[in-house]
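Shared between the two complexes below is chain A, which has chain B as its partner in the first and chain C in the second.
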Partner chain A sequence: MLEVQNLSIEYTTEDGVLKAVDDVSFNLQRGESLGIVGESGCGKTTVAKALLRLLPENGAISGGRVLFHGENLVGKSPDHMRRIRHSKIALVSQSAMNSLNPVYTVGHQIREGILAHSNIGRHAAHARCVEVFGMVGLEEKRLSSYPHQLSGGMKQRAIIAMALSLEPDIIVADEPTTALDVVVQGRILQRIRAIQRQISTSMIFITHDISVVSEICERIIVMYGGKIMEQADSASFFRAPYHPYSLGLQNAFPSITDITGEELVSIPGTPPNLMQEQPGCRFQERCPFATSQCRSRTPPLVKVKSNHHAACWYTDQVNDFRTRARNRDTWEAVRTRIEQQETPQQ
Partner chain B sequence: MSNGPLIKVEKLTKYYPVRRRLRRLFDREQHYVRAVDDISLEVERGEILGLAGESGSGKTTTGEIIVRLQEATSGVILLDGHPLEADTRADRKRFRREVQMIFQDPYETLNPRFNVFETIAEPLRIHGVRLKSEIARRVSESLEIAELKPAANYLHRFPHELSGGQRQRVAIARGIVLEPKVLIADEPVSMLDVSIRADILNLLKRLRRRMGLTMIYVSHDLATIKYLCDRIAVMYLGKIVEIGPADEVIAYPQHPYTRVLVSSVPVADPDYVRAEVSVDDAPPDQINLPEGCRFTPRCPFAQSDCAGCDHRLLERRPKQFSACIYTEAELKPRSIP
Partner chain C sequence: MLAYIVKRLLIMIVMLLLVATMIFLMFRTMPGDPTASMVDPSIPREARQALLERYGLHESLWTQYRIFMRDLVQLDFGNSYFYNRTVLRVIGDRLPATLILMLTAMLFAYTFGILWGAWMAWNRGSRLESVGVTFSLIFRSAPTFWVGLMAIMLFSVTLGWFPAQGMRTTGYVGDSFAEVFLNRDFVRHLILPAFVAGLYFLATPLLIMRNSMLEVMSEDYIEMARAKGLRDRSVLYKHAARNALLPVVTAGALFIGAAIGGQVLIEVVFSWPGLGREIVQAVTRSDYPLAQGIFIIISALVMFMNLVADILYAFLDPRIAYR
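The block that comes next holds the complex of A and B.
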């Protein structure tokens, strides 16, 4: 249904050109839910915005194609995109709950969207509003509430209802629950999962929280420095990741189910500066297993088993890597290496 | 130095008056948000206590009252056996030296016009350290304890030249430079990327070992609380609903609210089987509180007796106290008519 091919995106800034997304390819089947995870600055939100062609003015798609039902969205006119947005591909963004207009009721705002994008009448539109509110677990009477009368969780659900109202093929959700409390987040994730199964919409779920992906996505893409590091079925990924970055993340993440009491180990160093053209693997600077090959040549995304790909030159050594990655000293060595490289500033 | 708990909080309350709305103009009664409502707790020397809860639970307010960023409405806080009724400037100053705080957002808590040296030296100067060589020595020392090594590399940098993790380390270095007894940390890692969160959590653990610091860690994130804290106090609408050893409370929650909280945490394990507890996610009304247990309107196990709950913490498992009037075995899901 959606095919992203070799997508590259650049931002022009005062200090030069920033390559935010570099040669990213993936596809999305009908009814599938895909999670894109990564830390701040890895390009995950930029990918989402590019799919809908909502990049800020200084951002541009510098290469690649976005095929939606076989039709390339890159280069389509703003008018054409406006018709696709919301009705075919809907976005639920992080700050969406603050994007509701305070002077109209939420019901009015959802109805306007439906009327603008389809040719059904007011009554049918209202019925549709009631239906989608039911799906997200809001009472019908809430349609006549103004945004300030709703809590953060309810507003976020109203936004999800709005996204659902035109039965889009794809919902792109960018950190839709980050601003919410745990209990509310838990409930909304449950809802999203249920709705997605019920109406078989496809979903792209963008988050920094890898455990959220584990909860609701069938497939996962791990991004780092604008590139895909690993792409896999969620179950396969969470049982046994391949990329050293993913192995590092696994050690860094506290879990409420942990009973080993082992010390968490973080990944030393900081993400790469995307302003500088960098040969080789984006992660090599922080990777405990990096070799000269990693520094000079960019590893391609290779298949490691069915539905599981990783961008690393040494996927055949993953067993050894996994053992070593669990050891704190492995990562401490990286810290020492980085500290030595940094020239003292005075 | 006495042998009792380092921090003792007794019957602490904090009420905020609610602004009257127009239609309440003739309503004589002043309404209050009871942000913290009669809580008592103790923190042992060298212990890390986690304060957990959702927004509006009163966890941040509790932390801020203990550092005296806010005044309590009533109640007593004893530090090392001494009440914190510091009325003189000198008392207050002494107290500030002993209790320090680090905040959530390392991007906002550092003065952008101060370099790292000035940031950390400021509290020393305020507390009367005049000797330049001593200031320099102590600033470098605390930077190195906060793992910004070698300190000389960082002294002259400004906040904008530092990463988020480094900024939080500078904030920590500033917090420990006066060698406090207590450190209160309010969501210190929630703004940081996961790959560096562990560093800060490990640093806090080491601080406890190295300086014997006692800590209160305020967070909504049960996973980091479990990792860092010895004990956890779960708050709901101004009340402590459960308190006990962190691992035990998370593995065997006794209060229905704690159960809900634990079951809401996403887990990165495809084989994890969750004890689903369904709950109404509508936020509670903070002004019109129900009689008795405040979780009653959302509680899947609520019964009529819950209105008679007096919030007393009952020891349900060793050292684990719950304010629920029922034992774990007595809790049955409410039948839906």
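The block that comes next holds the complex of A and C.
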């Protein structure tokens, strides 16, 4: 249904051009839920915004295609895009706290979205609001509340209700639960999952929290430095990831299922500066297994099993990598290496 | 809300009494005395003394103050020395002319300022934005009397579109309010001074609106409104401008309060028989009651409009609740 082909996105800044997303391809089937994970600045939000063509003014799609039902959205007129937004591809945005306009009631804002895309009349629109509010578990009377009268969790649910109101083909959820506390977050995730199954809409779930993806997504894409590092079925990925970055991520997040008291190991270093040309693998600087080949040539995304791809030159050595990645010292060595590289320059 | 308004009104009364005291003292400490402008300085001492006694100016400062305050709480501002009529009547004669001029100018400035300011923020970096900023700042910085004179030269003398001065054609006499203000002759006289004053006021709403819009436009709910597939116009005016309006409302409400004083320069250049000119004359003539009266009424209006702005806020922004 949605096919993203070789998408590249650039931001023009005062210091030069920042290549935020580089050659990203994936597709999304009807009813499927896809998680895109990565740390801040890896380009995941940029991808989401590009799908809706809501990039900031200095951002532009520099290459690739976004095929939605076979139609390329890149290059469509603003008015055409406007009609696709919300009704076909809806956004659940990053900060629920601030995504509702403080001077209008929640009901008004949902109704407004409905009326912008259909001419069903205020009455029917209101009925639809009541319906979607029911789906997310909010009382009807909350429709006449102003955003400041709702709790964080309620606001987030209202925004989800808003996204559902026109039964879009795709819901793009950009860190929808980051601002919420863990308990509320869990409950909302369950609800999103249930609704998504119920109305069989597709979903792209963008998050930095890999454990969220394990809970609700069927497929996962791991992004780093504007490129896809690994793409796989969730089950396959969480059983056995291939890319060294994914191995590092697994260490950095506590597993929900087994609490063994293991200490978390973080990946040393910082993401690459995307203003500079990156000749090799984006992750090589922080990768414990990097070689000279990694530094000079960008690894392509290769198939490692059915429905599982990784962008690493050494996918054949993954068993060895997995054992070593569990060891804290492996990552400490990277820290030392990075520190040594930085010192002589000073 | 009601309790809040009552509380604010009570505070206002106390403030006004303090302001009245300050105004009273201010005029008494000013050099010169009122007799100098009322009678020839060469008249005998006794005659002057009689005059002072007639107006009660020979009394001690304290007694004068007590009488002033006692009359004030009964809303009695006394008689103007110069006109020999009650102060309220003099103000009543001048106020409508000033208010009509100022409100017209304000309507012009705020309508254009708000719409254009919002549009400018939306099209940030465009040619029309810099034109707008420059244009409004030129008329803000240029002396209004000069702009007024230039406007008279262009529109009255060269083009002959509008009369150069006054409020009505000489010889016209009207008795009722309607006869004086509600006719074409008056409107023709009003346009030019209102336009010049409006140009001067334009920068405030325009720039406040623009800045406030720029701030609001980076808010998440604006992106959300876009993601909802609303039309640009809808996002701009319904979501962004509505939120950006709050600071402009404050500026506007305070402006009405200050507008009662009029724009002295405009009134002088266009020979507009308004309150602004009256204030200046009352002060130079040491016409204590008239000057005091006008200043107190202006203060009261500024305070009152402040309260109106705060109440308006509660209607514009549901997050604000007064207790």
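One rule holds in what follows: the second predicted complex is superposed on the first by the 331 of 346 C-alpha atoms of A that agree within 3 Å, B and C clash if a C-alpha of one lies under 4 Å from a C-alpha of the other, contacts with A are read in each partner's own complex, and residues count from 1 in each chain.
By definition in this document, contacts are C-beta pairs under 8 Å (C-beta built on N, C-alpha and C of every residue); 3 or more make two chains touch, one makes a residue touch a chain.
Because the structure is a prediction, the values reported are computed rather than measured.
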item: Which superposed partner A:99 touches (first chain B, second chain C, both, neither); value: second
item: Comparison of chain B and chain C by chain A residues contacted; value: B
item: Touched partner set for A:54, first chain B, second chain C, both or neither; value: second
item: Touching partner for A:117 - first (chain B), second (chain C), both, neither; value: second
item: Chain B versus chain C as contact partner of A:189, first or second or both or neither; value: first
item: Which of chain B and chain C A:85 touches, first, second, both or neither; value: second
item: Touched partner set for A:1, first chain B, second chain C, both or neither; value: neither
item: Residue ranges of chain A in contact with chain B within the complex; value: 39-40, 151-154, 181-189, 208-215, 234-235, 238-239, 248-249, 251-258, 263-267, 270, 339, 342, 344-346
item: Residues of chain C touching chain A in the complex; value: 219-221, 223-231, 234, 239, 242-243, 316-319
item: Residue numbers on chain B that touch chain A, as the complex places them; value: 54-55, 149-150, 152-153, 156-157, 163, 165, 193-199, 201-202, 220-224, 226-227, 250, 260-272, 279, 281-283
item: Complex interface listing, chain A residues touching chain C; value: 52, 54, 82-87, 90-91, 93-95, 98-103, 112-113, 116-117, 146, 148, 159, 162
